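In the two complexes that follow, subunit A is the common piece, with subunit B as its partner first and subunit C second.
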Partner chain A sequence: MEKKGTSPLIFLFIAILIASIIPILSPPYYVLHIVTVSLLFAYLCTSWALVGGYAGQVSLGHSAFVGIGAYLTAIILYRFKLSLLLGVSLGILTAIGIALVLGYACFKFGVRGPYFTFSTMALAEILYMLVISRREITGGALGIVVPVEALRKLPINPKIACYYIILFMFLAVVFLARKIQYSKLGYYLVAIREDEEAAEACGINVLKYKLLALCLSSALTALGGVFYAIYYGYITPDGVLSLSLSFQIATTSLVGGAKIWFGPALGALLVIPFTEITRSLLGGTFIGVPLLLYGILLVIVARVAPNGIYEIFSKYFVKEEERG
Partner chain B sequence: MKEIIRVVNITKKFGGLKALNNVTTVLRRGEILGLIGPNGSGKTTLINVISGFYKPDAGKVFFNGEDITKLPPHKKVEKGIVRTFQLTKPFSNLSVFDNVMIGALFKAKDLLKARKKTIEILKELKLEKYSNMISKELPTGIKKRLEIARALAMEPKVLLLDEALAGLTSAEIDEMLSLIRSLRDEKRVHSILIVEHVIKAVMKIADRIIVLSSGELIAEGSPKEVANNSLVREVYLGKGEFV
Partner chain C sequence: MSSTILLQAIINGLLLAGIYMIVSLGLNLIYGVMRIVNYSQGELLMFGMYFSYWLFVLTGINTYLSIPIVCGILFILGALLHMYIVEPLLKLPYQSQVVTFVGLIYSLQYTALLLWSPNYRNVIIEFASKSIRLSVITIPLGRLLAALISFFSALFLYIFLKKTTLGLFIRATSQDPVAALMLGIDIKKVRILTFAIGSALMGIGAGIMLPLYYVYPFIGTYYTIIALIIITLGGLGNFLGTIIGSIIIGLVEAVFGTFINVEIALAIAFLVFIFLLIVRPTGILGE
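And now, the complex of A and B:
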């Protein structure tokens, strides 16, 4: 964990400066949208990495938590006309509750590795089915609108407001991830990722720390889901509860490098604009080509930097090694 | 001498196989206890039971008179019972430094103190020059030493060493033996249980020896007594590795 050379913090700082003036330049709506979505994914991927990267408990069902945050907010606002704050807290608490149940059931009884991953996928699928079937509450497959009065009352454009909100959320989660990485908790999670038995022999309460990582990650992801709902103003089960969203969060995080605090954000800020732009340029005429390009990108990254793009980044720009 | 760990009537079955059958023994304060026995005699199983990795089917484990049979491994570490693994289990993708650091974090209040402790331990075990090496790339002898370094960083009261000498060269064995002896003599740890295949080495270092065969305790006594025990000789006969 030697720290030498330029810290990625400096790059982050420059990025923040640029990011914070983007709306002032009044870019086309589409550009602002891509940056917002990229930041949202950077946020989601960093949250995912706390459990999927640091603790090595790969979840392919994180859309479940996005969905919980998004749907509870939507239902609270649309069906019950209650406050956004209630939606946020309910979303986060429910996510923690479900993460606790899933995590305890898996971690306590030795459901590890791929089997844990399957369990997370099952969770997302169950919630998907639930939302589809309870049409009177959730709007079913057609989705549900998310009326956010508070946002409309603001003096600035709601989209710009959203942009600053997600920028703030992104920065907060990245700094949290960094803080955790260089703390006792960070060491413990890495120990668990490397070898659970050895971690236990080092006096680490493996069950407790795995649960902690999962709950933290789920809560943050649910908050991301809340933002998703507010930003789009309309959510569907295919949008927020699909396996493809789960895969996208996990793969983007891994492409960037899930074992280091700035990896997932790096991945998202490179990959999401890439996929968004290719989709808008090619998606209409050549259906499937954007996905093909994304696949090629994944293969290249897997070949060149199997631990994530951050490796290349570290080699040429900064020296902040993951551990040792 | 006061006892520190007592195992009473421990039985552990794997399917139909009794890996441990009604084993009762004590580890006393200040002693180095050798645990020997042929392959599959239940040595590692006993370590696993004491350290909490296995729950015994019957019997109890006491630590300073307190029943600790059902505690999970990390709780036993809190009591001061720390083990090493026969097949070394370093955190493979981490450096030697970080491996020891994770051990040191168990007692240290903050990262700075843990770092300090780590540097001390690495120096003491002559691992400084490997400090930045990734542990999966280490040779066996160094890996074994790393296991002990990590265990020591946790400041244990009782150290359970599972075949810490296996796979070492004779020079490395001598070095390791003097290290183990010094740990006890300098009162770094109260007691050491050393499970070993290299019997000659154990004979040199242990105050007392217990012998397991097919899960049963067949002999107990000073190295000399055990070496002259006819049952023990029978178990080992023909192996040519006995003293």
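And now, the complex of A and C:
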């Protein structure tokens, strides 16, 4: 197979090199913040794509898993003064548990397409309502602080430490997504996405693989939530459990191209810096302009590149599928 | 004592159902004909509320009386939205539809934010804030009027769908678009009309809600979710199901809201919804 262009992997390696030296250049705090947030979204969007893109089960309730990770960490650290590790493991296990229950119930009884989307939205809303109403544990609508002692004891600046953590998490999830795409699991998921009945007829255990995709995606998303809580140090239900966060994760992922491993990261790394930078430049009355433009961009991209903007870039890349 | 509270809660629930009904009927009509979920329905309601608000502030027209004007504006807006954005979507996969509608949500919300700021605005109408007392129970006039207008609009829509030729075309397209096309119905125009009516219904919702609730750019999504739950409960595309669904959700919210609290009431409603989706995905009245 002759090479038609450069593999996206090469771009990725260059990007990693640049990314890993950013903090050494001691940029202004706000540049580091934008890069960190972009990487966090790239991480969340790639996790979302495992179920939303690969398996084709569109979830508009992934903030539920972000919220589980973030809130359990916050409650363990702030209310019970226990270790971060316990918060992380409890967050991930709870996310898997909830994903198993919801996924099993939905996939077993043929809840799919828009109906699956509704049930994920309802899940996020349930958690939102619970957090708001259990004020004495969660801090209600006002939110809760996340005191991370471990981070303060580090010899380096906590923000730089956070940056390296999210960079590592991002790289890990992107490589995992790539690994899955070209594995048996990945091909099974594509078969399920394109035609569930045909996949079932071919002997693929549809229920098992859809569940696996959902659990994996929600566990990774919950870990992202833990990072969110630690990085911001303060969480509110409107920040981590809102529908608008779910919308943003799902659409950024789909805009980049949720069917391919580098698509969601591409989407997030293009969209998030743009919205963050324009937001801080415009400010004041025009604070909504970047999201207005983002909305228009979504409408246009859905029409001209239904598979995501990676299609526009893909002519420069080797078609990885053709390598076999 | 608690039986009067229960009675009051049931009355409140029924009145609330009237408000939910009108939003859900719009979403349901659009789904029934096009098999497409308009996730931006609540944003159309929000726009309607702002139009109604500005008509009140600038010309002093009572929000109930300005309903026909707001409906007209939303009818045109809906028709344009359909022609330029929704129609091309019908051939695209579900993922692209979600992206487009979320795009519409952001566009409409942030347009409203730019034009009208994030401030909470409301309209005070003298008689709507009064209430009548029937021995032990209280009925707020604004809510009663809202429920009545909503109920009669639903009745009117039902008669329109059942008794007129246009209504027949809409029902035919909803049941089988291909057969409708073969019988000479211009289904493209029917779709435009449906989306426009679905949007115009938000004008009625806006007029009855503005004297009761504050309007701000992000009010819409909540009503979209409630409406999604209601139409799924009643069976997607089912007219009577939507009415029953809104009564159930209104009652659950008001009764559990009175005895526990509103957040828990809604959490219960959402949980029941997931459960029903699983055991009876076609809804209560679906085949």
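The rule we apply is simple: the second predicted complex is superposed on the first by the 307 of 324 C-alpha atoms of A that agree within 3 Å, B and C clash if a C-alpha of one lies under 4 Å from a C-alpha of the other, contacts with A are read in each partner's own complex, and residues count from 1 in each chain.
Operating definition for what follows: a residue touches a chain if its C-beta (ideal position, glycine included) is under 8 Å from a C-beta of that chain, and two chains touch if they have at least 3 such contacts.
This structure is a prediction, so every number in the text was calculated from the model and none was measured.
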item: First, second, both or neither for A:Asn205, with subunit B first and subunit C second; value: first
item: Greater residue coverage of subunit A in the superposed arrangement, subunit B or subunit C; value: C
item: Which of subunit B and subunit C A:Ser183 touches, first, second, both or neither; value: first
item: Contacts of A:Ile166 with subunit B and subunit C, given as first, second, both or neither; value: neither
item: Which superposed partner A:Ala191 touches (first subunit B, second subunit C, both, neither); value: first
item: Contacts of A:Arg303 with subunit B and subunit C, given as first, second, both or neither; value: second
item: On subunit A, the residue positions that both subunit B and subunit C contact, one per complex; value: none
item: Touching residues (chain side subunit A, partner subunit C) in the complex; value: 52, 56, 58, 60, 102, 105-106, 109-111, 113-115, 117-119, 121-123, 125-126, 129-130, 132-133, 243-244, 247, 250-251, 254-255, 258, 285-289, 291-292, 294-299, 301-303, 306
item: In the complex with subunit B, residue positions of subunit A that touch it; value: 1-2, 182-184, 187-188, 190-191, 194-195, 197-206, 323-324
item: Touching residues on subunit C, where the partner in the complex is subunit A; value: 37, 85, 88-89, 92-100, 102-111, 113-114, 117, 217, 221, 225, 228-229, 232, 261, 263-264, 266-267, 270-271, 273-274, 277-279, 281
item: Complex interface listing, subunit B residues touching subunit A; value: 51, 53, 72-74, 77-78, 82-83, 85, 89-98, 101-103, 105-106, 110-111, 114, 132, 134, 150, 154
